[in-house]
Amino acid sequence: MKVAIVGASGYTGGELLRLLAVHPKAKLSGVYGSGSVGKTLAEVHPNLTGIFDERIAEPDYDKIGKQNDLVFVSAPHGVSMKFIPKILDGGARVVDLGADYRLKDMKIFEKVYLKHESPEVKGVYGLPELHRADIKKAKLVANPGCFSTAAILGLAPLVKEKLIDLDHIVIDAKTGSSGAGSSFSERTHHPVAGANVQVYSATAHRHIPEMDQELGELVGAKLKVHFTPHLLPIVRGILTTAHVFLKKSATKEKLLEIYKKFYSGEPFVRVIDGLPQINYVVGSNFCDIGLEVEAGGNRLVVVSAIDNLVKGASGQAIQNMNIMLNFDERDGLRATALRP
Amino acid sequence: MKVAIVGASGYTGGELLRLLAVHPKAKLSGVYGSGSVGKTLAEVHPNLTGIFDERIAEPDYDKIGKQNDLVFVSAPHGVSMKFIPKILDGGARVVDLGADYRLKDMKIFEKVYLKHESPEVKGVYGLPELHRADIKKAKLVANPGCFSTAAILGLAPLVKEKLIDLDHIVIDAKTGSSGAGSSFSERTHHPVAGANVQVYSATAHRHIPEMDQELGELVGAKLKVHFTPHLLPIVRGILTTAHVFLKKSATKEKLLEIYKKFYSGEPFVRVIDGLPQINYVVGSNFCDIGLEVEAGGNRLVVVSAIDNLVKGASGQAIQNMNIMLNFDERDGLRATALRP
Amino acid sequence: MKVAIVGASGYTGGELLRLLAVHPKAKLSGVYGSGSVGKTLAEVHPNLTGIFDERIAEPDYDKIGKQNDLVFVSAPHGVSMKFIPKILDGGARVVDLGADYRLKDMKIFEKVYLKHESPEVKGVYGLPELHRADIKKAKLVANPGCFSTAAILGLAPLVKEKLIDLDHIVIDAKTGSSGAGSSFSERTHHPVAGANVQVYSATAHRHIPEMDQELGELVGAKLKVHFTPHLLPIVRGILTTAHVFLKKSATKEKLLEIYKKFYSGEPFVRVIDGLPQINYVVGSNFCDIGLEVEAGGNRLVVVSAIDNLVKGASGQAIQNMNIMLNFDERDGLRATALRP
Amino acid sequence: MKVAIVGASGYTGGELLRLLAVHPKAKLSGVYGSGSVGKTLAEVHPNLTGIFDERIAEPDYDKIGKQNDLVFVSAPHGVSMKFIPKILDGGARVVDLGADYRLKDMKIFEKVYLKHESPEVKGVYGLPELHRADIKKAKLVANPGCFSTAAILGLAPLVKEKLIDLDHIVIDAKTGSSGAGSSFSERTHHPVAGANVQVYSATAHRHIPEMDQELGELVGAKLKVHFTPHLLPIVRGILTTAHVFLKKSATKEKLLEIYKKFYSGEPFVRVIDGLPQINYVVGSNFCDIGLEVEAGGNRLVVVSAIDNLVKGASGQAIQNMNIMLNFDERDGLRATALRP
């Protein structure tokens, strides 16, 4: 099966390559970019030296769509929407790592991002744990945002089972700097970020509508989460701490049972007895989830951890590809986390 | 004025020395400890080389109480209570950096910590912004916990003015590793902590009763905050993110005005227009506070940042000493933060 | 082929497991330890949750030697020597990750470490790039020290070709904290290590005799390197900067050619045009090497980078196993580095 | 005494302000910049909120020179040289934190940097430990480079006393990211720098000619050090490890005695028995120096540590000002390091 990457020079592009390098079935047939055209992959991603010797080429979307079974698109929002329809027209299926096809409600999309240029093209929200069947047959999969992945997986069982007060869902997220991508900024300048904690988009992060959409769909109601991300001095990893209020008291054991049942058979969700840490998952496609109930109270803390570039981006994209192309869902994703 | 330190070899002891080294009026008359008796301060705290040449001595509490105007005590909880009464008997006033005299309700203290051995001795909770007048005349000041300082200062104006739903106060705190003290543990072993985020005491941290006591007193009601701390790979600094729900909608401007009025004249609280970062305050005694209101909603995010070893411990202890001994409250605490 | 691990609860033990989890041919038949007997691997190494469900057992060395084709030993120096002969007697081949069989000269070994209890047992120094043929048939392979691996690979071509002044070989090494292992100490306490650089064993590190032995053997002369390690606030990775003096001036191009020829065909050494960085190799078994010649001078800087737990320990042990058991040398080691 | 800062928005500008904020005698009379004109100091340096309320103004060099006793210039090399003569003409004395007046040999300056526009203006190299008397009367002091400060102080006694082989002086330096300044780059992008070690300018760093000039002057001979810097994932601090070869064997005690004598009376050099660490000095103006002699050999390792923004830049500039204006040399510089 032939796959190509459009947007191979960014961090998620590099991570797709890192994972494809050990994939037993997907065959890389092309790497495309804008800024780094002509450079070898090793020049752009020195960790890939000796693994790939392709050069980044200028994309011809018609050809790319015709020559490939599946195309990964890793472009800024507002850009993917310009050419994904062309790739689909060529016949290839697409996993888009950007935001352009994640939201079903165009009014919300256009409020949060910008005017959509191909609103008639519809993607399936690529969270396999919720939409595996639809992903399998999708032409276009919209790979979820990194924060959305951790937050939705952390809360889905509780919301589905209507166990919590939907008006007071607080999600406090902590992320490594690689989530900001390869573009420089003051926020990610090492002297600023290196021994610091920075809150940003404290009440209005762009991933919130994804969480609202997916969790709302699970419960069949409009829902609004309260989400605040923090940039930490780590490179990889997201840990989300969800602070929620149980409608009826429940023990940790009972709740873990509900989680384990909900995620039964899932290859990449691990419900654990303790509380997850970043280094249980970094480098892997796992999402680890744990929880703790406040003694004598109704608050519940649910912690979920992922590698933002793997389960939060390129690993999940590979997982989606595996589902779409009938590969083993674990192919290319068998690495466990680096700890320490 | 003569001051002594009991517990000079730990991190808060070292930080007291760092601050006293530039204090214009307090004169260090003795340094005492247990494990490091006989060592010079420079051996224990190499940053103090050439500043102090005292050796750590075994404490004789009767003498210490008689020979000093004020004694800082930096000992584990359960230990201070054994000898603070003796020091007080000698005539010295005491600032206790531990937890033994922070809680007024002995039932809560004994549930959270252990049986109290001197429950008849009462301390003033040493948060100058709330209790300056009482601190001024106190014999014994119980210096607040680091998390408590950041959390209480971040929420006091809202609670006092009854602006928020008291049943849904969520405080998500992030701390550097120095808060764990100088004793080793797996949690603070660098290979574990160095590129990680670790939730601990997720629903039952020992500082919670202090927050409940102080905020509850402000509003004249029983109150329970929902607090969860995280250990980050930074050495110094605490950032608390309070997620609260306004009873009536209010603008950021209006709320900032309330905060600025509440903290008017305070030398060490800065209400800022943006959101605080750790590196606005590290190395200083400032607590920076900022906030953001969710558009179209009732949630409010209040962020406060302190240096856990300064305003969260030894700096606040010096501030309390300044108040007690009629020094300028800023003496020894004029350093601004290191940024970058 | 059946393999076992003695010393499965430490960092190199955990790393062996991480790598074996994706090895196509080696079958884990037993995990043994001392402190953690009875615990599951997931309890000790939470990153391995769901991958292995073995429990750590008390070792019976006779049985272990009989039941396995190959045994990895990851024990402190002085301990391995007590039981490796028993394992060998049982018939299994051994890769020892410790120092007990690395040095050929017992006088040096006993000066640096302690009295040897099985000096008659001889190991092959397990650096495949220098000793592949001997490793292939060895009963016992002594896996090199982490610093030694980086330092020897960085300098071998220059020493072999007699291009440098052997009296002034300075190697300045920088390591992450995981090299210190899972035991706590002040040096690796996060508050101390987290924003610091610490020189240790500045002139007398225990890995020096390995470097002297291997480089000396290459040139057929007694040789003494000048080596100084530094502990940095990173978890994984070693970067060694060798400062050496050319006997005759030479261009970078010429020297790179010599390196590329020397390492021609090596699966895990990459000679690169620029200078290596830690994040070109972390998580992989690669050793990257680059160099720069001082303009108008005779000094040459050679930089080599490895992941201390992979090529510097467990990855190299797997590579040795692959050679010994006639597997593809890349088996289990195909992962490229995580960057960013 | 009135002082002004030209270039107040960069990191060394901010650090000058942080130090001047606690200086008892220097009175800040103006802050000037280019990019941030019109912004308040708190907007540019949020750690200074509430300390200064000046706004950054466009500089008029004639006026600045007339209105001030002393002017700090913190501008990129090649820029300072354009206006420093004007400031001097106005009558103010100048401490230039840049490189434009550090090198006496214009041929070397122009080879390393660019054509000089005011070669007739001469500065005194502002390392008080070597040139205090000249600094006292200088109109223009050229504040040393950060690496040069650490390297020269670490080696001066050995070179002066002709104890070491001058042909094999290797200096391996490790620096925090703040040395790169406030401009963004890939090298200092947190995802790249945050868990990495990067060698740069491996054989040709611009600070080398300063070291050659100053150390050569001490010994009265042409001399060339071999210097290689590394960028570490810390924000502040430089640690230099000098690897040198003794001409005659000498004990550590003997050498420390020579160092202590050389630096006798120096307020900011501490010769210590152990080896310095970054956190002995960060936040302070100290340079800590320690050493170790290789047993049975002639190699000597000398380690020196400074805060690159204090003794390596703005602190040393303040120290120079104190000398020039007859203040106590410790004024504004009494803070000890933050540890942990």
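The chains carry the letters A, B, C and D, assigned in the order they are written, with residues numbered from 1 in each.
Operating definition for what follows: a contact is a pair of C-beta atoms (placed from the backbone, for glycine too) under 8 Å apart; a residue touches a chain by one contact, two chains touch by 3 or more.
These numbers were taken from a predicted model, which means no experiment stands behind them.
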item	value
Least step count from subunit A to subunit D, where 1 means the two chains touch	1
A-B or B-D - the one linked by more C-beta pairs in contact	A-B
Most distant chain from subunit C, judged by the mean position of its C-alpha atoms	B
Approximate Å spacing (C-alpha centroids) for the pair subunit B, subunit D	35
Mean-CA-position distance for subunit B and subunit A (Å)	39
Two or more partner chains touched - positions in subunit B	11, 177-178, 182, 191, 194-195, 233-236, 277, 279, 282, 340
Subunit C - residues contacting subunit A, complex	11, 14, 18, 21-22, 45-51, 177-178, 182, 195, 235-236, 270, 272, 274, 277, 279-284, 286, 288, 309, 334-340
Touch list for subunit D against partner subunit C, complex	168, 170, 172, 174, 191-192, 194-200, 202-204, 224, 226, 228, 230, 232-237, 239, 241, 243, 245, 275, 277-279, 282, 292-295, 297, 299, 301, 303, 305, 340
Contact set on subunit A toward subunit D in their complex	11, 176-178, 180, 182, 184-186, 188-191, 193-195, 233-235
